[in-house]
Amino acid sequence: MTETSVSSRVDPAADERLHQELERTWHERTGFWGWLTSVDHKSIGKRYIVTAFAFFILGGLNAALMRAQLARPENTLVGPDLYNQLFSVHGTTMMFLFAVPMMTAMGIYFVPLMVGARNIAYPRLNAYGYYVYLIGGILLYAGLFTNTGPEAGWFNYVPLAGPEFSPGKRSDVYAQTVTFTEIAAIIGAVEIIVTIFKHRAPGMSLGRMPLFVWAQLVTAFMILFAMPWVATASLMLAMDRLIATHFFNPAEGGDTLLWQHLFWFFGHPEVYIIFVPALGMVSQIVSAATRREIFGYPVMVLALVMTGFLGFGLWVHHMFATGVPQLGQSFFTAASMMIAIPSGVQIFCWIATIWAARPRFTVPFLFVLGFVVLFIIGGFTGVMIASVSYDQQVHDTYFIVAHLHYVLLGGAVTPLFGAFYFWFPKITGRMLSEALGRCHFALFFLGVNLTFFPMHQLGLEGMTRRVYTYLAETGWGDLNLLATIGAATIALSVALFLVNVARSLAAGEVSGDNPWDGETLDWGTSSPPPSYNFLHIPVVQGRSALWSRTPDKPVVTGLRTDMHEVLVTTLMDARPDSRHLHPRSTVMPLLAALATGVTFITLIFTPWGLPVGGALMTAAFVAWAWPDRESYEEQRLQESS
Amino acid sequence: MRTTVLRVCLVATALSACEREERRFNPPPAAIPATAQRVTQLQPGPPVKEVLVPSPATVRSPYEENAYGVAQGKTLYNQFNCAGCHSQGGGGMGPPLMDAEWLYGSEPQNVFETIVQGRPNGMPAFGNKIVSDQVWQIVSYVRSMSGLLRKDVAPGRSDDMYVRSQEQATHKAKPVVAGQP
Amino acid sequence: MSTANVDVSSLPTTTFSHRSLAWWGTLGFMVVEGTTLFIAVVAYFYLSRNYQTWPPEHIVQPSLLWPTVQVVLLLASLVPTVLADRAAYRIDLVKLRQWLFVTLVFELASVAVRWQEFLSLNVRWDTNAYGSSAWTLVGFHTTLLLADVIETAVLIALLFSKRRLDRHYSDATDVTFYWYFLVATWIPIYVIVYLGPRFM
Amino acid sequence: MTFAIAAFQAQGAHSVHDPVSRQALRIHQLGEAMYVTAAVVFVLVVAALLWSALRRHRMPADQQRSNRSISTAVLLATAATTVVLFVFLILDLSVGRAITTNPGKGAIQIRVTGHQWWWEVQYRDSLPQNWATTANEIHVPVGRPVVLELRSADVIHSLWPPNLNGKRDLIPGDENSLWFQADSPGVYRAQCAEFCGHQHAKMSLLIVAEAPESFSAWLSRQRDTALTPTDSVARRGQEVFLGSTCVMCHAIAGTPAGSRIGPDLTHLASRRTIAAGTLPNTRGNLAGWIINPQAIKPGVRMPPNRLGSDDLQALLTYLETLE
């Protein structure tokens, strides 16, 4: 154990005994069955991260095919039908299967560690959420490979996605993929909120929470209020297609703009749902690189919360071209511009933190620098398109493609790569190579700019989005070729990252508990963390949990070690309040997820999916709720102690 | 053994999905048209001398399991004003198409002949006015109106006024060949 | 500054209301479901702007008899629910079983009446957008209703079984908490869907 | 390549950078102002970041926390951000007002209907016999406001003439409008900007701004019905047209062909392009298009047509008479 460890008084023998006991209690079975029944947030979080990254690669391959098609004018590599599926699946993958789940996954893995909990709240629901998400992802790609991939974009506008203009089951695959991922996201959000509210280590009052945890909290609340909109919209679409409701049929009183309002009321917060956790990651990386608390903590928290609120006031700026009334537009312009302020404040605070310290130029920090540069570009184009008049020119052109990729790749994926380098040692116990990491960063940064910077100009020269080809006479060929070369560079950089990961897993340098000298509790336990997370739940004494620990290192005592007993604390001050028993590993979440999967996939084809699937789900959840003998005995024992 | 069956089922499912979803833009040319006897003097547009008809008995209907083709057929059904006589399947001047009764047979080939050659008492001959590929699309759509197509292939509602329940919810009724019109 | 170790071994294991984890989860899903119902209401009003009259011409007003019966039924169901709730807080097993069972009877009655309520809309879901949005709004609530019926039934079974635990008292208050939510959301839906068209 | 670009530009300029109307100009100026500001701020922030990161000075933590000048700097930067955004907002509002003002009386109304994947263009008049219908090409007089009434026949499209104004959606079940006034003559290209299916990429429209006199001449020609062909080959071509699949979808005023499913062909030969701005209107291109449109725009509604070569040549000759 290193100096920063949260462990208590030095008594190695007692600690070893405690370790043995806790390990016996919290350790889960290994192997395939163990994998299927796991309820450990680290195990679920890890597979969430790996799965989401796999979808990032798949989505990237879609993009690579699209870029190959667009490299030259009038190219015939990919026809319009496949191209439409590719860009639809690309967007759907990146938003629903990569970005949101990845950010949730980082929360699932690190929030319990950062707040000093033994596991996430509702561990079984956590496993269920993962499986549902996985089913959704498999559905989308099964769709693509059987020529049933969504074809009307990730935004899936009706009537193009409606029953008349999208025959077959392609849009239904979209609708149910969305349903699955929304269920998973909402579940993840509820768990993260409750973990943050009720499972914080004693002493970690709200004002002492790490900024990453704040970011996750804001994100989770945004998910709670945003995701139901798209879930409802996709449900309406599925009903229009399956049982002939008329939500989007103008001839019977329906409205095509209803879809757009519902979709973007989710769709814009979605961007911040992806971006806000990335801000939290940047704060942790900067704080470790400078060995400083982030300058202006209260302002940072306020900025995150304000971003969360403002994120809901912008949806109509995606609809300026539909001709909504002028007055309303001005409101959305003002809101869209205002949201730049909290982002600006955070950048200034980071700079202030860095200014007064001497940062170590590690790979995570390089990614942070890259993030600021890319994000400012994306942010500025964002402010430009908040202007109604300017947006009416560049809306739905490659200018927007450039903007959104600067914001999402620059604002979210770049910090995410930084976070991978930063936390990889915590998850695996091994360092990633700094040399390969620097190459990865350089290639990635170059690739992003090479791919997306020219697209601004393409948009202004008239190239619209979602075109499978363009005529030679447009003169867009050269810039498009440049963008394709850039895309290849990005692909190369990601390949390099994979090599780096593989190399480190096989023979990386052993990292130790706290290689970056981080401030948060996750660095206070071993790398990788033990099954029970913390030998002793620490009592938190300051904002930087590890840096502020006094030499006597106070901890929580009196929690049972023979069962999954965890501590519940109060909402504001994190005073110890009660003891709670977490469930042991079980296969029930998997069964319930399969029942859910059967229900919604059957609903693509027949309304009978509802009663049949409903019965299956009821059976699964009743079995879930009913305690088996073992867990009953255990619970009774805990209640009597 | 069981895995083989399972694998066959999986492949079959996948293939049927592929077939259902394919957007066939450039169909291979059908069999060489043979000249057939026309059975009516009615036709859209000004009179022409002869009607060219592919011999349908030898051609498999290409859109029976293709949702896109059926949807195209539905669009064409409305655009070419089939609804003018047959309404949305309920019939009017022409016989209803959503019931189980077929005057000239319910097989795709029969319907194809009906459209191309025309029929006595009012059905015009669309022979060389609609390319055979589009005729096949209309054929499949017409059959979907009485539930003769798989439900996952038959169309859902259109963005039109509500007149009848959607084709994909139509139960299959065993076709009967009715007597003389 | 130095802090002493914190001994938590004497803390309770069964807690109620905002001290309990399950309560927060229930609240979280209420927020999600409440938002969903709100969206359905937004869609209902948004679509109503496409019509001169609401309900659209040639569509009969929704009938009021069964929906009103439902409102009365739901309000009446609050009595056993509150009593069950109190019994749970007092850890009074006999009373809890008793009143929870009465609550379940009310819930089942409410599901039965719900069937009539769909018919009372006097429009099909596939007739027009009015029908679609009204059916969806009532349908959403029905899904939640069915979920709560199952939850109540399972809990009652647990309370009668050998697997009964102290924490089930807390769970019982979550079930009643959820039932309050369902009653509270039904009133506005009743006003909007059944009474609303008479005033719009 | 250069030649091709030149040829294309003769077919229509298509760039935000080259405004020819008041609306496009004001938006262009707003854009320039924002670019310059963005560039300056970008340089400032990145410079501050790099300077902070590279300076080798480390201030003790408690000193940093109590350092007033850091707080002041952050505060000033935030205030500056707010001011810049506020200026942008004011600029945007003023541009917005300028470009959405009422076009005033005397504006020409043109009804544009979006179809998958072409544009129907109709010049209406109080007398229905004076209506002129064409496709994929709008003629407008220079110096006079033009209001486009935008509708859709199927899915959502969006009309975007970057040199003239921003874009506006064509929404089924809804009506929209877009107006502009071309200040210099020329051919400007517009493109569908809302994804609308397989051939969204090839759904363009030419806007021809010309002197008022030539515009009036053009309009009155468009109001005429097609001339009955005198030449025997063209007459044969007309027979082919009316006796084959063409007649099911296309209209030619003055003949029995009256279907409105596809573009109106009454004055096909007067148009610069075919296939919604995809190909120059030449005999060769037309032939290729008629024989197999699916090779040029896969998924387009027009089916391949098998015509004997004599029939095809006659048909082409006939179509070339439709000026």
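The chains carry the letters A, B, C and D, assigned in the order they are written, with residues numbered from 1 in each.
As a working rule, contacts are C-beta pairs under 8 Å (C-beta built on N, C-alpha and C of every residue); 3 or more make two chains touch, one makes a residue touch a chain.
Quick caveat, the model's predicted, so the values are computed rather than measured.
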Maximum number of contact pairs occurs between chains A-D
Note: chain C sits from chain A at a C-alpha centroid distance in Å of 31
Whole-Å distance, C-alpha centre of chain B to that of chain C, is 49
In whole angstrom, the CA-centroid distance of chain C from chain D equals 52
Among chain C residues, those touching two or more other chains are 126-128
Check: chain D positions touching at least 2 other chains come out as 172, 198, 298-299
Each of the following residues of chain A touches two or more other chains, namely 81, 159, 240, 243-244, 246, 249-252, 254-255
Checked against the stated definition, the touching pairs are A-B, A-C, A-D, B-C, B-D
Listed in rising order, the residues of chain A that touch chain C in the complex are 8, 121-122, 125, 186, 189-190, 193-194, 197-198, 202-203, 224-225, 227-229, 231-232, 236, 239-240, 243-247, 249-250, 252-255, 258, 261-262, 539, 541, 550, 552, 554-559, 567-568, 571, 576-581, 614, 618, 621-622, 625-627, 632, 635-636, 638-639, 641
In their shared complex, chain B is touched by residues of chain A numbered 81, 145-148, 159, 162-164, 167-170, 240-244, 246, 248-252, 605-606
Touching chain B in the complex, chain C uses residues 126-128
Residue positions on chain D within touch of chain B in the complex are 172, 198, 242-245, 247-249, 256-257, 261, 292, 294-295, 298-300, 303-306
In the complex, chain A touches chain D at residues 79-81, 84, 152-153, 157, 159-160, 165, 250-251, 254-257, 292-293, 295-296, 299, 321-323, 326, 329-330, 333-334, 337-338, 340-341, 344-345, 347-349, 351-352, 354-359, 361, 369, 372-373, 376-377, 380-381, 383-384, 386-397, 460-462, 464-475, 477
